[in-house]
């Protein structure tokens, strides 16, 4: 199977390296508008063809699939062209700049019987796989909340706010881990530059079944935090992505309550117990993602990080943006 | 000066111990409806008079001031009675259950020429004093954000939600550190018990001048966090109250931006530098608060933790509750 | 049962409080040469008799046992007098200033059919009990090393060096956890004051069976560390006493080796796995110690922290001092 | 300037990459006995000549310098051949297997007017440079102790013990930071394999002037620690190499003492103050080392990590080994 990778920026070298390691997969083209980036490709991979335009790769019938790793605004047009040219498509997160674009691409892929997939790499990490396993085995009990913090002194993006930049990771994790449907969002935020692009933002995703998710994102924190809490009514999990090996901690912590009907009072029993730090699979997540893409093309399977999940991420981001611009108003999904 | 302390629960012993250590101040009465609590007082302080009712202390003309440390719902009635009886009054945080009550008490104190004060103890800690000092000296530059996390496996309160229970600490710190007026609030939250009292809640306090404050509170976290970030355009500070001695870290971290007019692009320079951990004053905060109360009675001064600040806290809490009940709608202050 | 406590310094109040909480035990006397210390006792415990001399308590036939909490140099004489007067004796660690004194006291107690015990409180903590449990259940496999670090900016003692001050805790833990007999010691150290009393010292305790123990002690570290590593050939444990609740971490970490006879090469397989943080018993250790003392008097049992263990601690300390003074020479035990 | 690199194991790729980045320096040869390693070189650097034997490079008059990155036992013979062939030589740490070998090489280099240097990379890190700067500026006052811990679950080396494997880093730092001459060593350790090679070892380096250094090394710890404490009589520094950015902490911590002549008592004043975390230079240390080597060849200068320092490291290691084998006996240097 031959693939072409469009966009050779920060993430591009990782994509080339990992797709080159997938069995039966060959990176035939790398496309980037910047010739100096193409030089870098040539030096490291003399056998890969490079080009400043995608047209050749789109037209090459030996190319089975395109990987789109450009800035977000270019995702839709490139993916549309590729799907129309009969290529399977993998898009870097976030999938598109609007819900409408994402929906159109999904429709087009279905019509043309092609695989469309979004690269939410985190879903292939040992940590998130372990959390999924714990939740699916009901080890945590009924899940009650999801609380994510992703802050640091980060690169201000010129076109999208901090939620579009940082939250897709955690939103995709939320959607992957939690089966129920989100109902609405509220978001607040602030821009400290003069371009109206928020560098700090807070997002609540509401559900109708007693579950809540919250996201805190910032490009202007002096400390770097990458923390996720998931609480069930039996156990709770903390995922700290900055820990080199002990990323997941499972707390045998919880409470039970009952109502004393006579005294009309809530009675709560608290429980704290052992903490368990499972050893995690250490394989590179991006390789797992690349394998999932190639395998699902061959087997017509549904990848873990599928386009429908990618679309849900965009729905939440788009609604969050509306909420911020309307002073935190609840936006139904 | 003689004082009476009403309420001898969790905080009562600390109040008795510290007021006993203030020069020229004598704890004459301790009042509590529970006789077993009064036994404890008698054993530790044989010279203090105890009573199940406050009436005697209210009527005793040798009593100059009352300290009210009962559950919140009783604050207003007791404070009103005390102020009407010509006593100065200190109330534990939060001041009252409603804004209207707090405003009435402030009015009454003014009319009767008495000191009314609220015990927001954190304002007397070495850590918050140091932060105030840094901000007032303009070491941090213009303050841009305030972000507080206060979560743990905590006691579910029977009458107030997690914001009323945990946020008063950080809201009082916000009001003390930041001079500008908050404009509105948005809040979201969830109750996992069947009584409609939120055990997880998120609060954004909005300002009109490019500053934002956010609070994250939970009684259902497996980990305990007590963290506050304050970011200025010159430096940023992290306050971690769980650190035994290194509670405050000052980061020489920031960024500058300008707009490239030709390319319509934002250009950002990032800066990370030294970190400084100042040695903090280690005196007990509650003693500082007790001294402030007694001194301000004598000098007719304005205490750091004054009633107007206490009222602002209640305004934010009341608005937050409205916002939660209206699905995160912005509530103007 | 009536007891007298001799010495009301730093540790004295804890002893009085805990022995007062033991069933069927009454603290009848507190003795201290400093009258201002006795004032403190009278205020807190009006029913306890106080005295600057121990003679009255020694002579009082209603007193069953003496607890000696004076500086080390006074332990021997007081314990000897008490045992000769027919009293059971508990001595604070370290037991005595010399091995000879400790042996004499043990002999005397045996002859007079009295209980002699040393207070190595750590043996009654939830953390050390858990470690003992893990080792006795063979969860760690064969124990291979013990490595203790106990450093901070500490009070320079006027009469004993840093090993006598800090190491008794960890040496008692070593002797409690490990069944085999130590063979010899090597120690090095330095005095930065002009009195020849080491403020930094390092101690190796050698065994003949492939086990080694090492202790690092300092009064002149800018950071406080209280860490103990115990490694078995199946699992390893880290005890960090500064962690508020997660004091014990059990690592499923280890290695297996075999020798490739042909190539004369060592082949090693490494294994890292889950980490487990057991919930520990949170009862006050000193109360457990006090109960053990009183119970063993009544039942003629052998306490966990018995005099023979206390003597072994002194043997190691005395040998360590000899080794330091002879430039680290091995001293056989 | 042309160089040849002999040995392309774990460290080899880093050497090739960094020497390739030095101005006016070309890596002409890479030598390794394993053809599969040479394949790797060819793929990454098609222009570098590769060979299983060093003879060609030794004979090539266009080659100015050799970098020796083989196992330790081969260092001496290769360096001798290179120096005899008129090449400058850089040897990976530890310099040689014996003091005699190191001394002979130094002598030979001097005679042939060639640069002989040892790669103690740590001396070129931002952290150690900052410590050197603090010490040279007398910010710490008179240095009193040096305490290093370097433990983890590490690769058992087949030919050298844990001190020879791990301690050279910290011994080179000691020698670089501290100007005075060590006087003697004591070392203890244990082998848990059946080959007599210690996997845990403790080393004290004694000085005659009131300074002491201690090293704790292990291949069998479940936790990884890389900590160095350096205490002066004014301030103390902690270097934690596992911290991603805050590697150095300067504590304004100390004590003063005087002797009360009348009471023959030591009086000590303790001081704890601010902590300062300096921002460190982030350049790759190995590049600094490579530059130092090339520059000193050109300028006939003395590199920071010079052969005399490398020899002193070997002297300490050799003495340590003797001490371990003689049960911790003091070995004079």
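For the reader, a short list of remarks on this structure follows.
Each chain gets a letter, A, B, C and D, in the order it is written, and its residues are counted from 1.
What we mean here is this: a contact is a pair of C-beta atoms (placed from the backbone, for glycine too) under 8 Å apart; a residue touches a chain by one contact, two chains touch by 3 or more.
Remember, it's a predicted structure, so these values are computed and weren't measured experimentally.
The minimum number of touch steps separating chain B from chain C is 2. One finds 39 Å separating the Cα centroids of chain A and chain B.
A straight line joining the Cα centres of chain A and chain C is 53 Å long. Counting partner chains per residue, chain B shows two or more touched chains at residues 272. Chain pairs that touch one another: A-B, A-C, B-D, C-D.
On the side of chain C, the complex with chain A involves touching residues 245-246, 252, 272-279.
Those residues of chain D that touch chain C in the shared complex are 144-145, 147, 149, 153, 155-156, 158, 184, 186, 188-190, 192-195, 197, 200, 202, 204, 206, 210-212, 214, 216, 218, 220-223, 229, 231, 233, 236-238, 251, 253, 255, 257, 259, 265-266, 268, 270, 272, 327-330.
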